[in-house]
Amino acid sequence: MATLWTRGIQVCRSFSRLCTTPTVQRGTAVRLMSTENDNLQVDVDSKTGVATMKMCRPPVNSLNLEYLTSISIALEKLENEKCRGLILTSGVPKIFCAGLDILEMYQPDVERLQVFWRSLQDVWLRLYGSKMATIAAINGHSPAGGCLLALCCDYRIMAPNYTIGLNETQLGIVAPFWFKDTICGVVGEREAEHALTLGIMYSTEEALDIKAIDKVVPQEEVYTAAQEKMKQYLKIPEVARQLSKDMMRRENVEKLRLRREDDVANFKNFAVRDSVQKSLGMYLEMLKKKSQQKK
Amino acid sequence: MATLWTRGIQVCRSFSRLCTTPTVQRGTAVRLMSTENDNLQVDVDSKTGVATMKMCRPPVNSLNLEYLTSISIALEKLENEKCRGLILTSGVPKIFCAGLDILEMYQPDVERLQVFWRSLQDVWLRLYGSKMATIAAINGHSPAGGCLLALCCDYRIMAPNYTIGLNETQLGIVAPFWFKDTICGVVGEREAEHALTLGIMYSTEEALDIKAIDKVVPQEEVYTAAQEKMKQYLKIPEVARQLSKDMMRRENVEKLRLRREDDVANFKNFAVRDSVQKSLGMYLEMLKKKSQQKK
Amino acid sequence: MATLWTRGIQVCRSFSRLCTTPTVQRGTAVRLMSTENDNLQVDVDSKTGVATMKMCRPPVNSLNLEYLTSISIALEKLENEKCRGLILTSGVPKIFCAGLDILEMYQPDVERLQVFWRSLQDVWLRLYGSKMATIAAINGHSPAGGCLLALCCDYRIMAPNYTIGLNETQLGIVAPFWFKDTICGVVGEREAEHALTLGIMYSTEEALDIKAIDKVVPQEEVYTAAQEKMKQYLKIPEVARQLSKDMMRRENVEKLRLRREDDVANFKNFAVRDSVQKSLGMYLEMLKKKSQQKK
């Protein structure tokens, strides 16, 4: 995975001209929401009202400002179009999503850094607070922000032999309170503390054991298993399901809404610390070395 | 179970003249608190101070206004009599309690609808907030409000081959926040969200697996197992046990106390929605058809 | 264990001249912080920055005012010295820590009673809120306050064939809200309620099953397993680990800080109740009898 990350870093700036006005179309059986670089494929099955959002930003679906903005806009459109369900998955081999693009945080432009963080907040508010039934079809590794995307969903199905976890502390950074609220809501306080303080990357099997994920199926069945589970959600009267989900999550959503700018300021002040920049620098250096050793 | 529900609907108005002044008597070894229709049998063992409340309202112990009122009054009396423990069980074959009487919510008289909801709040406040040690001897199916009664208890023992769950969303309605708080306190946030959004009915074995219940014993041993567990509670100095329970539950109890009328208004406004009435109507229709097919 | 407790009571006043100015020294490979009676051995490995605090107050490491004060001061010093980790263990055979010295609560001097309670609050605030990575190496029985010390740590490793639990209700007393918050954070609300209301003492195996502890290893490997786990914590960049832990625990810490004097008053008023004094008296009497029977 180190190699993949490194390659991610090498190329991640090259996708900066992402389409920022993705469109979601419905009406025929299946239509495609295509983006300029096809790095976020959104298909809506107009018969079921279920969207599939496939992250296709090689090498590791890392989340930079432009990509987060694309995801956020796509989520907003799906919500506006009254889609009933969303399956989130990856089109990149062996990677679900590697999380935040570290180059957004390393030696950053402070203005962009804050816009970047707000775009991440937006994605969380839209995905965690979605009215849609959301299922993560985790078909690859899923560290940090990738894990967060999965934890935001209503249900998580994962293929074997991958890893998942909020490993921020391993990089010397800290998951914000809304990451913490999200993981606490899935695995409970004890496991969340253990996971966050140690930045643990769990194997698929370990993740199932602590209930960070709900189901394990073979790689080739992850997407169909997600579709199967989605049928169960679709059978439930829409308003009742939405209100029940909202009842569970509203408090956490409101908390971030109320503290957004404080959270941006906290992140900015933390990220620009010498010690954090040093940590990130060392991490990038390590990845580069590992990558070179491999060549 | 569908058949049972239907039969419940067919007969449920016939018990409306329930005794509203049940009396709990103590002094001899075992005395009976009898109600006019014997549909709520309350026995108190005067040696141990343990009451048994047996729901005997065929066919499915459905909770209409009068029955909720009877339960509430009985709970109040037991509390006033300083009973130390309560075993809640059913005298109806294969049904613990089928939950709220849907006819209270379908095409309702709006005044009665609000009184009905307050009576449910009363039962919850008294059972969930009881000073008594409370054990549910779940000897039959336990959907919706029946599941809630069980979750309010301190301990749950269930017979195999039944089902239990807060399946409100399946009927197009939504469990109120205090149902949610109750189930969160038992199975945690993650399982509660899954259970509530999908309205899952768990088998006995599945319920044990997610810790919605504490123990499974054969049907014929459910009540004696409850008595056995009760002995463990009775060994604990009374005040210390009560204060410890109160410490765990006070916050949730206070929350409902503070928001009772808002909660009544929310329920009323939701229940009279066209979409909800339509859902309930379709559900009733489905039950009737299933019942007729069976005849 | 009853015998041990009794012996604890017989001797517990004899350690009252505890050193109140323990010193922590670093610089060489391993230095000892010795107290007057050597009943609290604190060693700091200057290479790793990991301290080991060994409770050596025979017969049962019971927590009286002086001992709590020693622990509190030692924790403060370790924190000030920027120790990175703490392993908490026992030097007394078969006992991790038997909890609060009951003689502090039985027929108490009311002034001292309140100072005693504040010293317990201090230990909790320092241990639960510690910036250090803390691991309990539970090499003996751990009832009541002993269990609390273990639950305050970041990780718990326990030897087989011992017992652990917040058994306060069995003695007729009640764990305060911050004990409750601590155990809820480890085992969740449901298990916490069951544990607290019944004052359950769990076997090592049961404790693992409800996740009150994290790992079971043979008696002779408990300490080395703690050292091994500590290495995992030490690999995490310090500030990120500390901030993540603080994020999980700050709310509970703040709650006690805000309510300290209320909590002292509550405890005092409860402890001096006739019924509580009677319970404690009966408990002490029972221990004495058991002890005499054994002789």
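Things worth noting here:
Note that the chains are named A, B and C in the order they appear, and that numbering of residues resets to 1 at the start of each chain.
Assume a contact is a pair of C-beta atoms (placed from the backbone, for glycine too) under 8 Å apart; a residue touches a chain by one contact, two chains touch by 3 or more.
Note that the structure is a prediction, hence the values are computed from the model and not measured.
Chain contacts in this assembly form a complete graph, since each chain touches every other chain.
In the contact between subunit A and subunit B, the residue numbers used by both copies make up under half of all numbers at that interface. Between subunit B and subunit C, the superposing rotation on Cα atoms measures out at 120°, rounded to the nearest 5.
Distance from the subunit A centre to the subunit B centre is 40 Å, each centre being the mean of its Cα atoms.
Under the contact definition stated at the top, the residues of subunit C that touch 2 or more other chains are 188. Of all residues in subunit C, those touching subunit B in their complex are 168-175, 177, 180, 188-190, 192-194, 196-199, 275-276, 279. Per the touch definition, subunit C reaches subunit A in the complex via residues 133, 154-155, 184-188, 211, 214, 232-233, 235-237, 239-241, 243-245, 247-249.
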